[in-house]
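Letters A, B, C, D, E and F mark the chains in the order given here, with residues in each chain numbered from 1 onward.
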Amino acid sequence: MKGLLSFKHGVHPPENKDITAGIASRRFPFPDEIILPLSQHIGTPAKALVQPGDRVERGDAIAEAAGYISSAVHATASGTVKSIELWPHPNGDMVPSIRIDVDPNSTQMQRPRIIPRWQDVKDEDLSKEIAKAGIVGLGGAAFPSHVKLTPPKDQPIELLLINGCECEPYLTSDHRTMLEYPERVYLGIRIALKALGISRAVIGIEANKMDAVEVMRKAAPDDLDVTVLPLQVKYPQGAEKMLIKAVMGREVPSGALPSAIGAMVQNVATAANVATVFETGQPLIERIITVTGRGIRKPGNWLIPFGTKLRDVVKHCGGLTEDAAEIIFGGPMMGLGQANLDVPILKATGGILILSRDECKRQDILPCIRCGKCLDACPVFLNPQLLGILAKAERYEEMASEAHLSDCMLCGCCSYVCPSNIPLSQLFAASRAQLRKLATP
Amino acid sequence: MSEEGMNEGLEVQDSGTPPEQESPAKAEVSTFQLVATLAVAGALAGLLIVLVNQHTKPIIDKYKAEQLRKAVYEVLPGAEHYDTYYLVDGSLSLSLPEGAKESDFKRVYVGYTAAGQRLGVAVSRGESGFQDVVQIIFGFDHVTGKLTGMKVLDSKETPGLGDKIYKDKAFVDQFFAGPETPLVPVKSGAGKGLPNEIDTITGATISSKTVIGIINHGLEEWKPILDQGIPQAPARSVDEEAQQ
Amino acid sequence: MRTTTPSQDFIRGIWDENPVLVQMLGLCPALAVTNSVKNALAMSAATFFVICCSSVLVSSCKRFIPNEVRISAYILVIATFVTLADMLLQAYAPVQHKELGAFMALIVVNCMILGRQEAFASKNNPFRSLLDAVGTGIGFTIALLMMGGFREILGTGAFLEYSLFGPNFEPWVIMVLPAGGFLTLGFILLAMGYAEHRKKANEIVNEQVKTAL
Amino acid sequence: MTGNSILDSALILGGVGLFFGFLIAMANKKFWVWEDPRIDEVEELLPSTNCGACGMPGCRAFAEAVVSGEQAPSGCTVMGSDDIDNVAAYLGVDAGEATKRVARLLCAGGKNEAVRHSDYSGFETCKAAAAVAGGGKACTWGCLGLADCEVVCLLDAIYMNEDDLPVVIPELCTACNDCVVACPKDLFVLMPVEQKLIVQCKNLLNGDAAEDLCSVACNACNKCVADSEPGVIEIIDNLAVINYEKNALTDPKAISRCPTHAIVWIEGQQFEESSQELEKKAV
Amino acid sequence: MTDSIVKITASPHVRSADSTIRIMWSVVISLVPVIAASIYFFGPSAIFVLLASVAGCLLTERLFGSTPGSLADGSAMITGLLLGLTLPPGFPLWMAFLGAGFGMAFGKIIFGGLGQNIFNPALVGRAFLQAAFPVAITTWPAKTQHWWTLQGDNFALPFMSPVVDAATAATPLGNLKFGDDPVVTPLLDLFMGTTGGSLGETSALLILLGGLYLAWRGHLNWHIPLSIFVSAFAVSGLFYTLGISQFPPMFMLLSGGMMLGAFYMATDMVTSPITNKGCWLFGFGIGFLVVVIRIWGGLPEGVMYAILLMNALVPFINRATQPRLFGTSGKKKEADNE
Amino acid sequence: MNDQTLFSIFFSAMVVNNFTLAMFLGLCPFMGVSARVETALRMGLANIFVLVLTALSVWVLNTYILETVPYLRIISFIIVIASLVQIVEMAVKKLSPTLFRQLGIFLPLMTTNCAILGLAIFQTNRGYGFLQGLTFAVGAGLGLTLALVLMASIRESLEFSDIPGIAKGTGLVLIIAGILSLAFMGFAGLL
């Protein structure tokens, strides 16, 4: 493993990917009800286009982007709009959501439509098509992809990085995407390259997925300048800055975007879904999601329509085991703990992780013993110890000005290693929220 | 914290008085007044001090001389009076060159018996010990080189440890027992019984060795000079001695 | 502005506004010369003399002293008395004088004394100033004696050189070292803090009960 | 000692005094700088011990800071409280507020009223908990009960009651705004004590949806609107909102038919305690 | 588990197996061979001294510690053991107990307890004892005939002086510095531990093993001992070859409290710098100070003072050695200046 | 006359007989101005400046004026120090307001700082010559600065600690000073 490209610091938690890595993805049955929150992405919430009582078909746009950094929402199953009301969101808030009663008798076909040939679309217009399909980054941040595909003029992109690291333990959805749909990924890459007007791409894959490396290498079209690069297995290898550091050997300047050094990072699943838009005309309405952990009876990889309630997923996967303790959207390192089984699955939900009591055992929080392990883990070279004591003392301004809170990715490496179990990254998230609150009068 | 709180409370209850706006127009102070104040005060203070000084100086001087005399007599047992010799241009002299400052010259004290016989020489000397400089005076027979006594004049050595160099009688007594020089420090009880051994104090080896070092170095410095011969002091009467 | 009664002037400095223990002034002599009770006494006496004399003199002459040379003038007054005290001590208690060393002279800059001149003597009449000075002087003496007593007893096993625990007592040398000075004052402050804490805690409980009922 | 030396010393000291008196006088002339005369006055009031305990280098610097408002008079540790009052009074610290304001909590859903659907475990502050799925409380608007506000209140005006809700003691609260800033759920509002009609809820759901989460939630039933003078209460986003412009028209009748007691009439402290609790405290 | 979820926590939802408690107890375990050796070399006296100092620490922590359960974290135990290991075998038990209490109370608890202290509590305790009872703490009784005979006067009455009639022995350092005929103790003796000295400063080998074990487990920052050794070796080597000092560099490393200090005391993470860069500076400082104090100071041994002095500098070092932020050159941004 | 080498004077004044930790001089500002590193550093610098100034004036006084009247030492020293400090303060205030804000405001503290007069007296008692006096002043000043900055950095880092209620404030500072003083004993005997 050593000798592969990587970045400094970081951690290596037990991978636990073998639970689902070998299980091929299957289509998830349509549930009775679909809940589609208007904000499933970073940016302004979308604006609803439907009224209660409207009939919608699978794939219909039901909400449109409300600004440049915003994204459209599409019906993920056919049925009737029941209401638009406040509904629990995975982030813990109540947000306006469209509830659709799924028609049990529907064939779940999409309306026929004209699919533009991607080769014929002008480079600049590709991102408009992508925006129309409601595509957001599936790597976790759910940042509208069309924004990333139109970089500022003064910062031209030179290299497209396809992120197949999937560094979060347990999760295997990107892994399965690469194994099952390599051609789609390549088509997505072609489209992204065309949109960006460049020709070179690198696919970074952690070395614990050598089968995916093989598959991707085999499927590589001859006419594309793409390299498939195995990377050292280390969390958070998949984080944008770390991937760029590993592949290009350069650090994204603090406070700047990857475009500052001519890079653009896109997740493999995002690429695959971009391809789908031009292949079948299907907007972003479903994705491969890993349901895993020792707290669920039947783990697996599923092609789940967004808006399916957590309750339905759990039920379909055999239910929770006796000692299930925590339900998490995403991986164990950055995922969001879920308190309510009614929350819907969102575009950015790459996995549903149900941990058993043993897996998430937690000890008491002790005082910081200044061991410095968190400094040795932080991939962006912050001083989490200092940030931690500042957060406890509620000195938020100092955190921002002296300790560079804004550079923290909330990756959780520091919390992971802290022998005193101090929830550092949680404190940082809370501090940021408080800072935001102080900034808005 | 609570203090800020106090203040907070105050702001609420206190209706507050408006600031006194009439700024105290600074009366221009005359230069003369400033100068005069300091000068007069200085002069008065000087006067007062001098008056008291006139009263106390004799007492202090007498005390100091007394201390020195006592010390010299203590380290030269049997001495009845002594002469102070200054080291002027490499040789001993009883008087200083015209206009020279006394404090600029090294000196030794030569002690005499009542019969006027030279008993030995006393030297005061300091070197740094464990904490700070240790100042001692020691007497020796300049002919045989044997010690006649040692007294610590000033030391800041640790109380309870280093201060044993003057508080520990057993240690001090060794210097009065006429040991030969140069002295050799040995751990207490570990000596071989030689006549120039001094048992050091347990726990204060450094201070003990400092004392021994001062004596050895003092002898090294003064022995050759003394060996050149000590100029004869003018005979003096007992009255003179008393006046000193 | 300040309305205090003469008896308050006197009492205040003794404990509530004790110069050393509460106001943290004149720390250098308080720490440096308190390795024995005798030294503490000598230092207190000298300081007492200086503070009383200067307070009276300063308050009598305050009219003649222009503001610009105020500090210089006060210091001059204090220094005069310190020099006097120094010479007198040297003449009549030479041993103590030697023990106190440079700290005798340093009474001049004891911020406590200058502080009283600035804060009190320059604004009040000689009688009140004397009361204030005596109170402050007593407070200073109390603090020094507390420290001297503690340090001498533990550091040498004796009080005023009178052995308390017999010859076998193992002295705590640290107490007569500089570190012991800091630690002793630290202990005293902690003890006072503890007492204060207890008092406050009681008060808070009482108050809460009162507001609750 | 001769008479000469008396003269000498008087001369020397007088000379030194003369010299430096002269220097100071010159310097005084040459280097004169205007300063706010209040600084001198405040300095007079300070103890002049120049001890530096206030963190400022000397009393004068402290006086400057106090006059310019950077420091509170209580920053001086040497002064007694009377003296501090004097300084504050001299500088004319603002008169107390004409109308006393206090912090009011817009939530009454303590642990006995509101539904929790999960157990939060981790760092025990509201801010930290709020960052995790809203803190585990079913009502995402409600109080998390982990006492950030109690900690931040310097005047100990807040204590947590048996229901895990913060109680503000109106007598102690100075409306400093600290708790308003501290609460991640924005539940505190500073309001004049005369405003007695308060809706202790921020839940934006209606009907059963609201009551499912919390037994004292406002379910937007409109009864209070009907029971009060027109325009005083309005339902906005499923929540009763009181128009305090018309505070004069408010009256306790408005709360009489509220099915959940979400709207209350407060004559002092929110959340009166049971006599049992009081007794426990007194012991 | 049914409908309602038991737990929600913040990410990350999994944690490394390391825990403070585990680290602390590993340190205790790694000290076992050293303790065994001290008992082997010094007999029951060693047990008594260690017990007294451990008792002092645990009792103080229990009585005054901020949290009631703080004994379980093992740090008080370490403090007690390490303080005990720095004391001579014949040390009166009441003094050991007192020093332990002082070290805990004023070296740790007063700063707010675990993790918040500036100075190494065990060394604060020892520094106190060294200053309070300088004779007792530098009295090294000569080896007794039988293993089971007590050394010195362990059972001196509280507040009373110990009575030592047996002859006293010299430690390798004392011997070289103050001895009447200075000799350099053979390195092998130092390595194996067949020399006089404090309980824990005898066998370099066992300490080395314990230290390496901890370093391997990641429980101590190996930068610190390494930098101490490098600097002590280099500085003393320089002076030795220049003929200024009589201490051969290897002797410098193996004698006295150097090994114990470098592996167990300087590495206390609470009182050492937080960055590796800082640890290098810290270690270099300790090594340098030890050599200077040993060669020219008034005391034969300087490890304790060197560590305490560098402890005092740690907040300053921490300020000066913040890590370089990712994506920056490491120099402070212009904007930060004002 | 004194024949100590400059190095030993310097080193002794700075660490071995550190003014603050071993000789108890200048404790009031040590307690007061050691809360923040910035302030402590500035105070230290102002200290060094005034100490050097004092050493110079004292040397002048001793050599040219006070020879015949040694008993006027204390009083002359203190007048000179007090006046000089006052004049320098006025001058700095006028000439460089920036410098005044950074250093000048510490000057008034100097008059009642016994380190300054202490230096004058020790310098006289030990009979230091011109260069020796200067070295002594710089060494002592650096020693004061060292102690101040050490204490300040420790106190700053303690801002985040849960200090027990009774120790908050000066009690803890004194205990830390005590431990520092213990640690500085390691230098004993070095010179």
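Here are some notes:
Just so we're on the same page, contacts are C-beta pairs under 8 Å (C-beta built on N, C-alpha and C of every residue); 3 or more make two chains touch, one makes a residue touch a chain.
As the structure is a prediction and not an experimental result, all values here were calculated from the model.
Annotation of chain E and chain F: jointly contacted by A, B, C, D, touch as defined at the top.
Any chain bridging chain A and chain E, meaning touching each of them, is among D, F; the list is complete.
The most distant chain from chain A is B, comparing centres defined as mean Cα coordinates.
Note on chain placement: the centre of chain B and the centre of chain D lie 64 Å apart, centres being C-alpha means.
Taking each chain's centre as the average of its CA atoms, chain A and chain C sit 70 Å apart. Mean C-alpha position of chain A lies 61 Å from that of chain F.
Each chain gets a centre from the mean of its Cα atoms; for chain C and chain F, those two points are 21 Å apart. The multi-chain contact residues of chain D, meaning those touching 2 or more other chains, are 5, 9, 12-13, 16-17, 20-21, 24-25, 28, 50-51, 53, 117-118, 121-123, 128, 131-133, 136. Shared interface positions of chain B, defined as residues touching 2 or more other chains, are 29, 34, 37-38, 41-42, 45-46, 49-50, 53, 57, 130, 158, 161, 206. Counting partner chains per residue, chain A shows two or more touched chains at residues 336-340, 362, 423, 426, 429. Taken chain by chain, the contacts fit none of the simple shapes, being neither an open path, a ring, a star, nor a full set of pairwise contacts. Working note: touching chain pairs come out as A-D, A-E, A-F, B-C, B-D, B-E, B-F, C-D, C-E, C-F, D-E, D-F, E-F. By the touch criterion given at the top, residues 11, 13-14, 169, 241, 251-256, 320-328, 330, 332-341, 353, 355, 359-360, 362-363, 366-373, 375-376, 378-383, 385-386, 401-402, 404, 407, 410, 412, 415-421, 423, 425-426, 429 of chain A touch chain E in their complex.
Chain C makes touch with chain E in their complex at residues 165, 168-170, 172-175, 177, 179-180, 183. By the touch criterion stated above, chain E contacts chain D in their complex at residues 4-10.
Across the complex, chain A is touched by residues 117-118, 121-123, 125, 127-128, 130-136, 138, 140, 152, 181, 184, 186, 204-205 of chain D.
Those residues of chain B whose C-beta lies close enough to touch chain D in the complex are 1-20, 23-24, 26, 29, 31, 34-43, 45-47, 49-51, 53-54, 57.
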